[in-house]
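Below is a structure I'd like to ask you about.
A, B, C and D label the chains in the order they appear, each numbered from 1.
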Amino acid sequence: MTAASGKGPTRIRLGFVGGGRGALIGPVHRTAARLDDRFEVVGAVLSSNAEKSVADAAALGIPNGYGSLGQMIRAGGLDAVAIATPNDSHAALAIEALDAGLHVVCDKPLANTAPDGRRIARKVAETGLVFCLTHNYSGYPMVRQMRAMIEAGRIGKVHLVQASYRQGTLATAIETSDDIPARLRWRLDPAKGGGSHVMGDIGSHVHQLIRYTTGLGIDSVMAELGAIVPGRQAHDTGQALLRFANGARGQMLATKVAHGAENALAIEVHGDQGGLEWRQSRLDELTWLRNGEPQQILTRGSPYLEPLARQACRLPPGHPEGFHEGFGNLYRDFAEQVAARLEGREADPLAATIPTAATGLDTLLFIDACIRSSETGSWQKVER
Amino acid sequence: MTAASGKGPTRIRLGFVGGGRGALIGPVHRTAARLDDRFEVVGAVLSSNAEKSVADAAALGIPNGYGSLGQMIRAGGLDAVAIATPNDSHAALAIEALDAGLHVVCDKPLANTAPDGRRIARKVAETGLVFCLTHNYSGYPMVRQMRAMIEAGRIGKVHLVQASYRQGTLATAIETSDDIPARLRWRLDPAKGGGSHVMGDIGSHVHQLIRYTTGLGIDSVMAELGAIVPGRQAHDTGQALLRFANGARGQMLATKVAHGAENALAIEVHGDQGGLEWRQSRLDELTWLRNGEPQQILTRGSPYLEPLARQACRLPPGHPEGFHEGFGNLYRDFAEQVAARLEGREADPLAATIPTAATGLDTLLFIDACIRSSETGSWQKVER
Amino acid sequence: MTAASGKGPTRIRLGFVGGGRGALIGPVHRTAARLDDRFEVVGAVLSSNAEKSVADAAALGIPNGYGSLGQMIRAGGLDAVAIATPNDSHAALAIEALDAGLHVVCDKPLANTAPDGRRIARKVAETGLVFCLTHNYSGYPMVRQMRAMIEAGRIGKVHLVQASYRQGTLATAIETSDDIPARLRWRLDPAKGGGSHVMGDIGSHVHQLIRYTTGLGIDSVMAELGAIVPGRQAHDTGQALLRFANGARGQMLATKVAHGAENALAIEVHGDQGGLEWRQSRLDELTWLRNGEPQQILTRGSPYLEPLARQACRLPPGHPEGFHEGFGNLYRDFAEQVAARLEGREADPLAATIPTAATGLDTLLFIDACIRSSETGSWQKVER
Amino acid sequence: MTAASGKGPTRIRLGFVGGGRGALIGPVHRTAARLDDRFEVVGAVLSSNAEKSVADAAALGIPNGYGSLGQMIRAGGLDAVAIATPNDSHAALAIEALDAGLHVVCDKPLANTAPDGRRIARKVAETGLVFCLTHNYSGYPMVRQMRAMIEAGRIGKVHLVQASYRQGTLATAIETSDDIPARLRWRLDPAKGGGSHVMGDIGSHVHQLIRYTTGLGIDSVMAELGAIVPGRQAHDTGQALLRFANGARGQMLATKVAHGAENALAIEVHGDQGGLEWRQSRLDELTWLRNGEPQQILTRGSPYLEPLARQACRLPPGHPEGFHEGFGNLYRDFAEQVAARLEGREADPLAATIPTAATGLDTLLFIDACIRSSETGSWQKVER
């Protein structure tokens, strides 16, 4: 069945670039794409060696393998591509795909540099194609509930924001080891992994989560980025004080030296009428706080959720969803937007909140400001 | 690509029976089957009306629809079937499939009556085919960790067991409402839903979870089953005191009248050297308790887990997995066992713990003993 | 300053019986009595040897020591006595004190046998004196909130009750050890510790907590009591199915063989309109559950609490209170009742919920029914 | 019985200054002092009106009332005084008491200004008397466990510190209300409450907690302090990036605009071999994190605790302790130090960790650096 079949739901014909054997995020993309059966994976570029790419694709059950994106494009039959290669290659690949009229899913961060990010964002704007940046945490139902509640004014005017992402993966000097996995090695190389490893890798998630939930722009930052583990070149920790455009204040932390921290992503937003707290370790819960009233624990799947959250739920409350479903929600919303184009109809407006190239550019400009601030020891404006 | 292709992993050719539109568990089975791309869904029986079945299958992106299992079997091209119909039809369907040489995935409970369950179990034994009963909670990595730790003697000889499954779905007399969903209506009808609704529906999960984790047989029970909500015919609550074959003691609860309880499944097992606690609401955690030592919280994805648990993990710690992955682990283990048959090799021994027809029969015999006990107000032996 | 001084709050002149050096509960009673400065401790019977008693009292900063309760009574100057001796001595001591016109605080359980308990209860009724049985958990603010909410109909008609108290203190055969502390030794001796150690020691708390919060009588029980650790004489585990007078159903567990369980007391009560959950490990929280609405976490010290709970709070929310404050609330309510008598005024009605001799007798009759049930393997009525 | 009695434990003769009716912290000081019966409260200055002071003292059961500290000193019979007056009066009162040869307990912060704090610290050094600053959180057993574990190298060299104290008490502009309690009014007045209300009131706790647990000096800060609620003069929120003397990095937050936050004090310290997390809402637990090993939850009262923590425990694990006990541990350690002086013996070295005037001065210098940093938008050294 193809996208043109007309029977059943339209399935988007998708090609993968990157994310082959040994990759961290490749299997996640493939599982996320498969979750709702909205995609037909028709090809993959898993190596610059075409023969190896064919073999690797077959091993994954993907019918066709190619040595380059250009080759895959020329083979035809694609509606969209998903890019899961090292950050420094995103711009060239995304632009090539967009130029070929293909919709794009792209792994985060958008790029290693703001200029690269800006080129992608402009091309997306020019072509009008659908672009989804997989900041997957914005696919979680209770993160969407947080956004919807803040947008609906449930906590009043936002005045304080705290967010953090803690890992322990670089708590010791593992990069001096010989057996460091290849997937980690490129990330720690500033040329491939970006000027601030920790900010690009997980600080970008923190920034995007703040933006997604609060809708607020960050006006200026006072940051300190660097390597806490002696002898390390790559940044392993980034901290910043934040001033928001609406006058709110806040703080963020992204670190990989928090021993034993297991992808501990958390956000807490307070307004003048209440507060909301969410953390990945209890992803199906959202805590609503108001002075003088009992705390309320909202749970995924519940009937009282806002439409944006309800639409993102698959299972009843108490039957846990997880990372794959959150990631899958981005793929599903992307599929909905692409299918609407293919079918000549309006897309479901609830599918419209997926992170885009513009979102990703915002994050790169935020990281740039953090780097300038850390180098100068002074507050820096975030460029728009 | 078919199971015979030889390139890439073998994909099992699967047909679905039941679980069409409006069904509760159908979408879960399909997602679980899709999660690891080990199945090719080639057909489905979604209605006794063949035409409707074709249309419904198409709507789900399934290539072929049939009006009956026999029709689907005769169409050929199947390795296995998945049965997700009302409980009273499991025996006839499962036996028909097994007689046709097909491996079977069957939704729980195995059947509504012990004699039906025994017929299935015998047929499975006769044919030697692979049979997977989807007591999905035994697919959770930390439940598997619990089993492996108990088996390895980490808590010594088990002496106390407590387990419960609480829901609030029948906390009020919803069955008197006109708009009760069809998927609930058959469950509350003793003819289709079994002699004790709550025990068949969720008490069976509690029993299986106890058996799966402890490996212990239950020798006798003192139970009280019934309807707590006035005017209800179906059982909404089952409680039982338990005596285990090894001398351990315990207690279980299955209820649907616990207002606000969200599929609250929990188990706690204590031995003479330590204890283990697990609950679905924190499915990625397992608490290990020993007098005089700090509690340890083991987490999914961690390197220290036992092989049986590690094999069931897809994501690093802190990136939550959920219900679909647990369910999917049963489908994955089933696929491994079937693929090994198709490929003429030994299956991975870690794939061998999935619940089978024999497991399901044990549960039916336990429920029978509970019913007898509740009716007589006396301790009753569980038949073997 | 004495109770008669008229300046400042009346301080009750209190004498202690038992609870000297090495005792478990003695220091708790003394701290609880001291917490609100409503008592003046004027004497203590800490040994049958008067000289030793004087020395021990002095070591505790208590001005006078006596060799017997009679001696302390004859010395005069007392308003009340607190009894913290082994269970088998409660009846004689309490009756002696009541006969002397003294108000009594008595450690739980009321006695080892129902006849002893009945003698105390009758004497209390005859004399009209104030009697406080220190089932301390009913002093916790959030337990009082639970009682007040149920009484006010916030969860509708109670239909399901689950309660448990788990410890690990007897998870192994420690009584075979030579260095078992004396305070444990008498408790394991049926003559001093009662017919069912676990039920008298902690099962009594479970029963009282159920009664205190729900206000419901237990009509009949199906219990299994015994020793899970091989070779033990004393009961270490008690389990029971419960039928309530109003038709509700339930279950209870009291065990000392749950490795690593740290005084894990918990109760969950569901009605036809909602549920409430409380556990000692989060004593300052009470969870309110209603189908289709977010869970609410009520916290101690909050303005929305019922008067019965608010009156029991000392600190603002988030500044934790604990065991001493809960215990102290019983002493405070007792002091209020006694002071009201001394001052010839009405006592604060919120001080009226402390457990009494009648409460304690109910518990002993419940334990008797559990023992009969366990011995006969049949449901037994709880005597009134 | 007096300190000179020789029978039983020495009781310290204590006089209170401040903390009368309507005061927030006065009752806490009195309860903390009473908890272990190590003090005899002999007098109090509760008003500058001597007559009112006598009446108020009597109402609290305190035998003598005075119109000034001088008057109370001249009345004689004191070993120590406890000061719980507004911050701006601490210096004069503390110095007067020290000059009179009295040991001092003083509420935090030490003073409103660093010069005042320095005068007190010098006087303490000169006189050699015992001085206890009631940063009560350092009395919690699990905070002491954290300190002892870090000191013993259990997490290696500290490299990352995160700490926060969140309240919602000023989430709205309550100071514009007419019925704001007097105890709050002086705190919001910079003249009496200090240059940065939030930093003096709760930021001081955060700083002291960091110092107490890690033992590390803070070298420099980059802070932003201010009022988040429009129209407010007093600071309601303080945030700072921290550079430690040993090269560690960190962040702190003190805010009163976090709606619904209930004295949410938390600290997390990571070293190169592990991490430790503690929060007041679970005060009896300490989480020990190490990459690749299960998290361990250490609990108060457990046998494996370090001596510094064990000495601070009163109850077995699972029977919760709280705010009063933590506060009381400072009073107990203070009593031990004073009693040792009175008895001419060495004090228990485990009683030596109570915060002193030097500690309090450190905190004032930290706050000063934060104020300078916030005003200049630049990193500022903390003066020594």
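Here is the rule we use: contacts are C-beta pairs under 8 Å (C-beta built on N, C-alpha and C of every residue); 3 or more make two chains touch, one makes a residue touch a chain.
On a predicted model such as this, the values are computed, not experimentally measured, just so you know.
Q: Along the shortest chain of touching chains, how many steps lie between subunit C and subunit D?
A: Each step joins two touching chains, and the minimum needed here is 1.
Q: Compare the CA centroid of subunit D with every other chain's and tell me the farthest one.
A: Of all chains, B has its centre farthest from that of subunit D.
Q: Would you say B-D or A-B is joined by more C-beta pairs in contact?
A: Ranking A-B and B-D by C-beta contacts puts A-B first.
Q: Take the average of all CA coordinates in subunit B, do the same for subunit C, and state the distance between these two points in whole angstrom.
A: One centre to the other, that is 43 Å.
Q: Please report how many Å separate the Cα centroid of subunit B from that of subunit D, as a whole number.
A: Comparing mean C-alpha positions, subunit D is 55 Å from subunit B.
Q: In whole angstrom, how far does the Cα centroid of subunit A sit from the Cα centroid of subunit B?
A: Roughly 34 Å separates the two chain centres.
Q: Would you please write down the residue numbers of subunit A that are in contact with two or more other chains?
A: 261, 293, 295, 299, in rising order.
Q: Using the touch definition up top, name the residues of subunit C that touch subunit A in the complex.
A: 288, 292-299, 302-304
Q: Where on subunit C does subunit D make contact in their complex?
A: 1, 7-9, 11, 27-28, 30-31, 34-35, 37, 58-61, 63, 167, 261-264, 280-281, 283, 299, 301, 314-325
Q: What residues of subunit C sit close enough to touch subunit B in their complex?
A: Listed in rising order, the residues are 155, 159-160, 162, 164, 168-169, 171-172, 222, 224, 226, 228-229, 237, 239-241, 243, 248-251, 253, 255, 257-261, 268, 270-275, 289-291, 293, 295, 377-379.
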